[in-house]
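This is the structure I have questions about; it appears just below.
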Amino acid sequence: MSKTNLTRRGLIKTGAVAGAAGLTLPTYLRADGHSGFTNAPTGSTVTLGFNVPQSGPYADEGADELRAYELAVEHLNGGGDGGLMNTFSSKALQGNGILGKKVEYVTGDTQTKSDAARASARSMIEKDGAVMITGGSSSGVAVAVQALCQEAGVIFMAGLTHSNDTTGKDKKANGFRHFFNSYMSGAALAPILANNYGTERKAYHLTADYNWGYTTEEAVRNSTEAMGWETVAAVKTPLTQTDFSSYIAPVLQSGADVLVLNHYGGNMVNSLTNAVQFGLREKQVNGKNFEIVVPLYSRLMAKGAGANVKGIFGSTNWHWSLQDEGSKAFVQSFGTKYGFPPSQAAHTCYVQALLYADAVERAGSFNPCAVGEALSDFQFDGMGNGPTLYRGEDHQCFKDVLVVKGKENPTSEFDLLEIVEITPVSQVTYDASIFGGELGACNPGA
Amino acid sequence: MGILEVKNVGKRFGGLQALGDVNLSVAENTVHAIIGPNGAGKSTLLNVLVGKLIPDTGSVMFDGKSVLGRKPYEINQMGISRVFQTPEIFGDLSVLENMLIPCFAKRDGAFTPNAFIDMFRDREIVERAEQMLEEMNMADARNDNAATMSRGNKRRLEIGMCLAQEPRLLLLDEPTAGMARADTNNTIDLLKQIKDERDITIAIIEHDMHVVFSLAERITVLAQGTPLVEDTPDKIKGHPKVREAYLGESQDAA
Amino acid sequence: MFGLDKKHTNLLLLVAALTMLAPFILNPFPEGSGMAQFNAGYPDLMQRFVIFGIFAIGFNILFGLTGYLSFGHAAFLGVGSYAAMWMMKLLTMNVIPAIAVSIVVAGLFSLLVGWISLRRSGIYFSILTLAFAQMSYALAYSVLTPITGGETGLQPKLQDPRILDGALEAGASPRANLFGLEMTSSFEWSVGSWLFTFNVGYYVAAVAMLLSFYMAIRIFNSPFGMMLRAIKSNQQRMNYTGLNSKPYTLAAFVVSGMYAGLAGGLMVAMDTQVGAERMFWTASGEVVLMTILGGAGTLIGPVLGAGMIKYMENIMSKINETILHQWFAFLPDGIENLLVAMVYPFIGKGWHLTLGLIFMLVVIFLPGGLVEGGQRIARLFKRKKPSSDTPDGKTTPAE
Amino acid sequence: MEAIILQILNGLDKGSAYALIALGLTLIFGTLGVVNFAHGALFMIGAFCAVTLSRLLQLSHTVIDDSQTDFLGNPLKVEVPYLYDIFGQSTGDAIIDWAVPISILFAIPVMIAIGVAMERGLIKHFYKRPHADQILVTFGLAIVLQEIIKYYYGANPIPTPAPDAFRGSFDFGAALGFDPNVIIYPYWRLVYFAFAALIIGGVFAFLQFTTFGMVVRAGMADRETVQLLGINIDKRFTLMFGLAAAVAGLAGVMYTPINSPNYHMGMDFLVLSFVVVVVGGMGSLPGAVLAGFLLGILESFASMREVLEFLPGLNQIIIYLVAIIILLTRPRGLMGRKGVMEE
């Protein structure tokens, strides 16, 4: 028995082929010290693990991510219309699976809790033999699962995670993020805000009291202050807060004329709804219209906040109304299958799945170190965000960032945001060292 | 000097003077009954004796030591055991376990976290508990759930649990309340037996004159928070003040 | 044996056999078969079974014996986890100091919380413990971020000092170990189409669980345990029998807090990560549910309850629509789709629904929890024999 | 000064929401002695009554509009509510606009029915069972209820706005002689406050001045005695459960414009409402209301940035800190009765 067969699937299939009385000696597995890698696929299939929130507040986002993954698997295996494989600049993927192996997948529920997410990811690695884990819709989960994948020796392709930490202080060699981050949101938003609201503004920040909130507040503050804005106050709000009235009521009194809501998910839906309820947007302060800004938008959040989002600026990673070939192909493919346009979470997950498969093809191996090398400093196009670079120093994608605002006259329940500007990648690029952290060496596992 | 000396005890609840100026002396190895109409302050007095209430004035000395300000378990460890109006036992535990607890309390004190010995292997304690069950005539029921017993047996068990601690003073709060006649007589016999066989002082609060006159050697009559008379049963029976205060009330109640 | 009577020795041996053979027992279905989905014999889940078993056993010492319902025990688990993680960051990746410190720290924290909360009883006590746990959670998630890592939690990092460990080899990452034996390493043994995994971490946790279980038996049978049951039964009589119930309750609280700390330390030892949501009130609620579901006040019940909930969470949630279609593929399409449509709401993302239904069904039909279910089945088989076992009601803790 | 007035206003508003939710919970505690972990779910179902009604009112048929295209480039399908066909567009829009207030009428019978069904079908079998069993069964029920809602409505919050007439906010500052635009408060929150006061007052009056209420209060004090008097207290308690469910449900209906409802909003409020009830004192209705307002006001003050600068994180823990302090200084909460849920 060769050492590369040290995985569940490998063992079983080798055992079956050998037909050796059905009994093999116990094998001692150690995390390192073998020439192979964790869960090396040996049969005719390869298993990917899709770890998304299926229960809890982000369940709908998770459901959309799962749809995207299923679509990606279909395309990788040669089904459907091929989607983004047709527009992707790399042509390594053939539609015959990955390296000729049919793609299979397992799913799990992160519950948006890091413990549950790690339990689910470990079961995919230990029980199902997954060679790559992807998904998630919060930074806490992403960082936790990324660290696990580093330890276990599999690749982690992050889903929706926006905190600087994921590819900043908590970056890992086995982890890769396509989604943008807080820093990029700030850098992309600030010029647009200055153009629309002027440079003489006084901002009041409400910030979710945890890591993502801190990095987002910092990013938006730094970039708006650079434009000449003044930050009047920044107040931290508990994650578990549902009614933000006591935080919003004092805003007008402070003399601020812009409210920045560094909130995500349910927090953002509620704080924005509350702020609009207070009639802030109809007020005049310092002779200017009072404005509200939401640094990170998602369509599901916009849907939850309903009419309150109208005219409010924010940033997103991607939006289905983009008119480049890649975006059009993806919307066509997803919309035909499911009947509605994909969300940005679906897009980033789909792209991550394809990027992984492509990297494996180009590397010619599922070995995480080989895949990591193929992804590092990989430049591509045709995935809906224009020319993109997977930076090798921190495994973060650099691409254009969309500044959007809530649409005044939506034609459907999905048509909630309109693109204001596509901020070019050059404006949002930063030095990899500014957030600290250490990438470490790639870990191929067993 | 009695084993229990109550001096000038007063207790007021808001506007109500529950105890006026109570003086009481219980002599060692006697049966002393405290009787009185409803609202006379019997329960308040009892609660003062066991540490549940702290009086506003006065002193309570047991065996020369003050009980005031001590918690019920401390007073119990001084040698006062209390039997409740409705039997208070450990309903979720077996009869034997009910008996083991006071035996442990007697030997090991108020708190001993001995978590690593098997309680049934502590021969000294188990033998003592089984002996007490024999004496109470309940050895057959040792493995029964205490909650399933009859009220009379629960009372018997409770008294046994108190005796297992070898108290110097046994306080009984209407021990036959709500009992059928037969159970009442059994309880009287049991108490008589205890009185005859042990060096123990018994103070009993009772409504039932039959019980009082069957057992008591001295009787204190309490009315409106103050002792009216204290004397032997024979003298109390005919006392005009007692008839007035007590029987008048009890006719109303009937 | 072990200072236990025959009945309890047998119970301990049974539990020991079950935990040691768990890799076989939990993997009854051959790999690749449709039923393999239900196999639970992989390291992560086996570890979780025993760790949450420890947590529930400890909780039961407080709740099952004294009747004091703490709604904040997850705080002790979380504090234990943080303590263990810091030991791994500062001292060594060896799990022994980490686990020892987690027990001590959780014990001290529970002493503080218990000392304050036990001034009240009943629901007032429950709310006090809940308040302490929620404060711990909220602070750990936000202002204590420098110590707790906040949202992203803590993991061992390459640049941690780890003063007792030598420098890592280039490219190696810090791994929890027991004197060099890594928690993540496993023996795998393939028999026919079955595959059994023997994980080092699991056996470390399993030994800790057996020790915990043994200690719980000793406590249940000791005078101390009886005093705790007496507190639940009649605190008034307890006080008038010369016993001070306060230190007994506090001792039970601290012991169960230390069990929670051990569980927290083991969680970090098995999977080097800690996050604040481990202390959220739902986590405290989970251990309450585990204990009641299995049978509060019984020895084995909490372990069963913990296993049941973790099994549901990890196995049921992973069954998706595609797998259902595979199961029912042999049926005609119409019936296949109908069956999938009927089953789908209860599995995968609907696993919470099934869990809720199980809670209700168990508590309605089996008031004593899963243990009572077991007893009823046992009684069915024993009925023929002459009444050898007298129904001892609640007088002795059932198994 | 303005900041303090503003936070008192805020606290009263928050407090009224807390009090309203806690009211139903303490009614069930007090009358039935049941720990109802499904109370939050009742609040949530009330909110989804509003969502359901607003969806019913917007039931539509589709009309193909060739002049516009959808995201795939096909002709746009425009949804036209049936209400437009019946009442014309402007009246139809007005009815849809008022969906939330209209749902009050819809929610009352629905919630009473759910409450009575719950009590008769499930809760009544648990009166004699330990609190632990009550917790397990009602928690299970809460999970089942919220998973059913999630199955039909998804996990995302659903915006349910107030009628246009209540948009915007009232300028207290201008009315009180301060600078305008400083002390403002949304109209709908004022409506909520008035509504909560009305319901709380109504429940008190009902218990105080009706025979039914008298019997229930007597039953709360001493159930056995009332039963000995030959009064069928069980039937009244069933109705009481229906009433508590209706109160929770109405609190949910009116809350929908303040925060978009989602399936787990009940769980979010559950812990808070328990804290309010216990701080108020078990079995005390006035206690629950008082505690609701107290915690609401203190929470508002703790969220002021002037306070947070000195004590960062105070807003995270204020509710629990206050609960601990009150329970340690007043053993049975603010107005609790002796012996209720203390064992």
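Read from first to last, the chains carry the letters A, B, C and D; within each, the first residue is number 1.
The rule is short, and it goes like this: contacts are C-beta pairs under 8 Å (C-beta built on N, C-alpha and C of every residue); 3 or more make two chains touch, one makes a residue touch a chain.
From a predicted model like this one, the values you see are computed outputs, not experimental measurements.
Distances between chain centres, each the mean of the C-alpha atoms, put B farthest from subunit D.
Comparing chain pairs A-C and C-D, the larger number of C-beta contacts belongs to A-C.
Of all chains shown, the one whose average CA position lies nearest the global CA mean is C. In terms of their C-alpha centroids, the spacing between subunit A and subunit C amounts to 33 Å. Between the CA-based centres of subunit B and subunit D the separation comes to 51 Å, rounded to the whole angstrom. Centres computed as Cα averages put subunit C at a distance of 34 Å from subunit D. Between subunit A and subunit B, the centres computed from C-alpha atoms are 74 Å apart. Those residues of subunit A in touch with two or more other chains are numbered 55, 59, 209, 236, 238, 240.
Across the assembly, subunit C contributes 138, 141-143, 352 as residues in contact with two or more other chains. Residue positions of subunit D touching 2 or more other chains: 312-313, 316. Every pair of chains meeting the contact definition is listed here: A-C, A-D, B-C, C-D.
Across the complex, subunit A meets subunit C through its residues 6, 8-9, 11-12, 15-16, 22-32, 54-55, 59, 62-63, 106-109, 113-116, 118-120, 122-123, 126-127, 138-140, 143-144, 147-148, 150-152, 163, 165, 170, 209-212, 214, 236, 238-240, 438, 440-443. Chain contact summary for the complex, subunit C toward subunit D: residues 63, 67, 69, 116, 119-124, 127-128, 130-132, 134-135, 138-139, 141-144, 281-282, 285, 288-289, 292-293, 296, 345, 350, 352-353, 355-360, 362-364, 367. In the complex of the two chains, the subunit B residues touching subunit C come out as 50, 71-73, 76-77, 81-82, 84, 88-94, 97, 100-102, 104-106, 108-120, 122, 125, 143-146, 148, 161, 165.
Of all residues in subunit C, only 3-5, 218-219, 221-227, 229-230, 232-234, 236-245, 247-248, 251, 255, 390, 392-396 touch subunit B in the complex they form.
Residues of subunit D touching subunit A in their complex: 2-3, 6-7, 9-11, 13-14, 17, 68, 70-72, 76, 150, 154-159, 161, 167-169, 181-186, 188-189, 257-260, 262, 264-265, 268-269, 299-300, 303-305, 308, 312-313, 315-316.
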